[in-house]
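By written order: A, B and C. Residues from 1 in each chain.
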Amino acid sequence: MLRLPKFEVATPTSVGEAIALLAEAGPSALVVAGGTDLLPNLKHELATPELVVSLAAIRELVGIRVDADGALAIGAMTTLAEVAASELVRTRAPALAQAASLVAGPQLRTMGTLGGNVLLDTRCQWINQSYFWRSALGFCLKKDGTKCHVVEGGQKCVAAASNDTAPALMTLGATLELEGAAGRRSQPLDDFWIADGIYNKKLSHAELLTEVRVPPTAAGHRGAYGKLRERNSIDFPLLGVAVRLDVDASERVQAVDIVVTALAAQPKRLARVAELLIGIAAHGAEFERAVEAVASTAAKQCHPLPNIPGDHEWRKAMVPVWVRRTLRAAAGRGGPVHED
Amino acid sequence: MRGRMGLLHLRINGDDVEVAAPSHWTLLEVLRYRLGLTGSKQGCDKGDCGACTVLLDGKPVLSCLTLARTVEGRAVTTIEGLMPAHVAAGGKGADPVQDAFDRCGALQCGFCQSGIMLSARALLDRNPNPSDEDVRAALAGNLCRCTGYTQIYQAVELAIAEATGKRPTPRSWESAEPRGSP
Amino acid sequence: MAARDRHGKDAPWGEFAIVGKPQRKVDGLAKATGAAIYADDIALPGMLHAKTLRSPHAHARIVSIDASKALALPGVHAVITGKDLPVKYGVIPWTPDENALAVDKVRFIGDPVAAVAAVDEDTANEALKRIQVEYELLHAYLDPRESLTRHDPAIHEGRKEGNVSKNVLLEFGAVDQALATSDVIVEDEYTFHGTTHAAIEPHCAVAQYSADCVLTVWSATQITHYVHRALARVLELPPHKIRVVQPCLGGAFGGKSDPFSLEFCVAKLAMKTGRPVKMLYTREEVFYCHRGRHPMQLRYRTGASQDGKLQGVDARVLIDGGSYSSFGLVTTYYAGQLLTGPYAFPTYRFDSTRVFTNKPPCGPKRGHGSVQPRFAFEVQLDQLAEKLALDPIEIRRRNFVGEHTTTVNGQRITSNGFLACLDQVERASDWKTRHGKLPFGRGLGVAGSMYISGTNYPVYPNQMPQAGIQLKVDRSGLVLAFTGGNDIGQGSNSVVQYIVAEELGLALDQVRVVAADTDLCPVDLGAYSSRVTFMVGNATIDACRKLRTELVEALAAHWKIDAKRVRLIHGEALDLEDSTHHLPIVEVFHLAEERFDTLGATGSYNTPELGGPYRGGTIGASPAYSFTAHVAEVTVDVETGRVRCEKVWIAHDCGRALNPMLVAGQMEGSAYMGVAEALMEEHTVNRFGLHRGPSLLDYRIPTSVDTPELAALIVESLDPEGPYGSKEAGEGPLHPSIPAISNAIFDAVGIRLKHLPFTPGKVLAALAELRAHSGEPTLAGEAR
């Protein structure tokens, strides 16, 4: 079978122990959470670590709670299945629960963790392939090569952020709690990304993501996640749309946020949606007109590339459709949007 | 603890076993090539097909993406464990899910079915009376290339029916009118 | 000749005890409990692990190979290249153009170049990276149209046809005249994309070479006999020194029909090292092996009279064969020969051309060679119905070819339940009240087809039986059946068990089956062309009837009664006229053994002389044809272009259903595979000639939540020559799914999809074109 490269495995039982191991090993060490992203990538020889540090035995990284300040705190090693099923998450952060429920298939959600999904490596049809396959075309920018096969002459890797939960968390204003040898820091997710498919995050190799914090949501919070994919299970997103819609007691939109993923190296926040939606009722003809306007501005702002497999022209055509459907779902307390 | 080759302490089908394996080996490799538990299959190499599904603390996971080292201290159930558990609990022969799969024709080539039966077993352990939709969702991570899933659903339905006293839905080809023609 | 005896449609003892009812499979519980042993489950003491080095170029000359650094790696036991296995082979003996490892040239990305045996897979992989191969690149052909006209460089040198693999041009009757006088003509082009089998078990083979020079190869093959022949040829060993065993097989669908590189490599490596050797392909390598459905570009011109009766069909088909011949000779014939039912073609011409390209080689996939033309023709038939304002089911009825007749190309049709199939799907789908009347976006489509139950064209021409079986009767009461037939999950071993038990009056647990082991079992030609139930079934009846005569005679003599009074059923022997006479069958075995000595019997089957009196007339000539009709129901999301197949009603005439549950499983599995080919799957290469996504993530096969509801409706037109009247069920039921979906999309939204697969992008483009054409802002059907 397709083999993993040879490495050692460490199974620390505390965050401190894990950080010490990482600090000691340097860049030759990699962290594994659920393994559902890292292990296929290792089998493809996208990395050849000497040490793999598993977080599976660190109990303190698992759990969902509400802090005194009303924030939802989710341990990085909490599985996607647990996030999707959690009443706390479903009521306080519906878009996140929905996004988690649509990641891959049932087994992978049981294994995969929230932290792992947020930190998922970028994906591209030219990179998520075996060493032999990649060698046949002289490799690519992201690993072992110098050319981009997506954009001719491209100098910047455009592998796509494919993490379903990240856009949902961005609409929720989430913060990542990171811990390294130098101590702890809180990192707003909005400012976590770098527009580079090779490594798209501001996270050093010796840092651990320990917790994801979602600030308290408004009383009229509505959220939904829409995922475009070819099959209704297993597949990565061809497009992901997360929506937050806060309404007041009279159902008027108070705040709105839409983040789209699976386009390029980082999730993309749509601009100009607030001016189109704030102040109007979250239902009826006026809302429908606004939804149309948001969909058409989304179409202008989003430009899917032929980076991930599939027809990118169709993905482009689906941007307004998915934005429309996910907005309506959020307004109507529905979602997730995935079936056609 | 770390090391390239070491002794693993695993709990497999109720037994504590010690086995030496290189640290980069997956649980699937240890099961198949160290312990001889070849009922867990390898179909896709990397988590795309579900043939290697085993239960970890009762929940279906993919053993091809699980480092063996990381499941020490947790209970692993493979397809080989179902019948002995059923017998130990006073049952006779194969687990009712396995038996229903056989009686419904769900085992064509059989290669993917260890994983599917374990996914089904886990579902029924969690919810003895799931809806059709629950069943489809629970099996959505296991690819089958032979059956079109129909006889798999019928098998799960039969296992549920026999456990709950319900009547399974008649199959399309079992209509009362004779199947004959010219 | 006994092998050609007809055994009749009837139960051996008046009524069936086992046949016709749902039964467990002979190997079901072994599979259910994880006890069944598949190829990769075999581990032999001291076994080495082998890996293959593959070409990273689509077309190149090999200048040199230096394996010295690989051999120097500790743990590496042997490296072999094309020089070690220079003899060419091919599953069709007329077109041997493959080498186990490339000699001089590579012809697609993934072509095997060298193989390494080492102590473990990691070491073998490390060794592969140390083999240095120097290539000289050649022009790569990725477009079959280019291969039609350009022959330099040739993909296979020294052929006078250049890059054309095979051409077949056959004409039956005066087609041009018939078309010239037709009331209506439909002419159009269609495209069938490539698809692959994607059996969940990857290819795997294990070889052992004993001290007395016997080579044993366990392989995940669906044709043990051809692997046996190919090994003898390539390894230049006497066939009696080779044993080939097929362990439990994890799916095949035609994808394990050819002899494959790994079988020769493990054999050679075992001979070279004196140790058992295993090779297990990665999923990626399985995609390179391919042998999947040929992409075809099809042009059909069909003429009919005003009442919808077909007058003539003129077909031109361009077939993209990929890099090797494989079964391509047969594919090229099948692409025309298998279309002449269930509808009567008064005149017919087809011109099929298969070309080589530098892509993974195509071969037989479920419904070999005929799924693509069937798709095109059934869509064209719908276009014809539309033009004539006829109901699509009605036009199919009007052209029914009939039973006990001969087709325009000389194929003998025996039983034919096609009209009953149409009736069944029409009724079950509520066609009359729903077709053409469903809300916009939802539609029904119909299609029909026929398929072979084996053919009388043995790949290696000879007069010996196509199927043989041996029975061994044990004093314990057990009967062991030895069959060369390959059970690939379809249940052929179970069919043997059911027939033996039925014929000899045994309980099912008194019959066990040993199969697909060339040392132990008589030759059977293997699991392809849907031949196994028909041919092995007949051979089994043949053997049982010989044995039964002895059992009955011994018992009649013991009871001193007329043999006609004896009945064997459920493991008991009874006297129909004296209820005090009864014995367990095991005692009858003892009586017979005392009377006749050690008990056993052989049985065989060969086809009658069949086929038209012309070159290629036997290809596609089957002793019996199965018939199928589908109605598919789809919904089309006009905003996304996504087509969802909601349900397929599958009516299939399989003759007598020996086990209706297994028949239904074949029907459902076939329809599932067809739906997947229509809507989801595509086996294709990128601009480098490299497979786009050789994984089960990127080659998307439907999950449980993507598969429509499947309703199997069994039709039994008892065949005069099938075992108890039985015919095939494993491949025929795939064919109509694809055109039925296209036709249903037309019913749903008014677009005619002629180019597979029906992706959302194509649907949106067709909808846009329709809107532009109609010049109206809304679609024609939206008014409904």
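Some observations on this one:
Here is the rule we go by: a residue touches a chain if its C-beta (ideal position, glycine included) is under 8 Å from a C-beta of that chain, and two chains touch if they have at least 3 such contacts.
On a predicted model such as this, the values are computed, not experimentally measured, just so you know.
Shared contact partners of subunit B and subunit C comprise A.
Counting C-beta pairs in contact across A-B and across A-C shows that the higher total falls to A-B. For this pair, subunit A with subunit B, the centres built from the Cα atoms lie 30 Å apart. Distance between subunit A and subunit C, defined via averaged C-alpha coordinates, is recorded as 42 Å. Shown for subunit A are the residues in touch with two or more other chains, namely 1-3, 6, 105, 232-234. Shared contact sites, meaning residues of subunit C that touch two or more other chains, fall at 280, 282-284, 695, 697, 703-705. Contact with two or more other chains is made by residues 42, 45-46, 48, 137, 140-142 of subunit B.
Residues 32-33, 36-46, 48-49, 51, 78-80, 82-83, 93-94, 98-99, 101-114, 117, 136-137, 139-152, 171-175, 179-182 of subunit B are the ones that touch subunit C when the two sit in their complex. Listed in rising order, the residues of subunit B touching subunit A in the complex are 1-4, 22-26, 28-29, 42, 45-48, 50, 53, 56, 59-62, 64-67, 69-73, 119, 137-138, 140-142. Contact residues on subunit A toward subunit C in their complex (touch as defined above): 1-3, 6, 105, 125, 128-130, 132-133, 135-137, 230-236, 309, 311, 313-314, 317-318, 321, 340. Only residues 22, 24-25, 27-29, 31-38, 40-41, 43, 197-202, 248-253, 280, 282-284, 403, 415-417, 419-420, 423, 428, 488-491, 653, 657, 660-665, 668-673, 695-697, 701, 703-705, 707, 709-717 of subunit C touch subunit B when the two sit together in their complex. Within the complex formed with subunit B, the subunit A residues making contact are 1-11, 21, 32, 35-36, 39-40, 43-44, 51-52, 54, 56-57, 81, 104-108, 110-111, 232-234.
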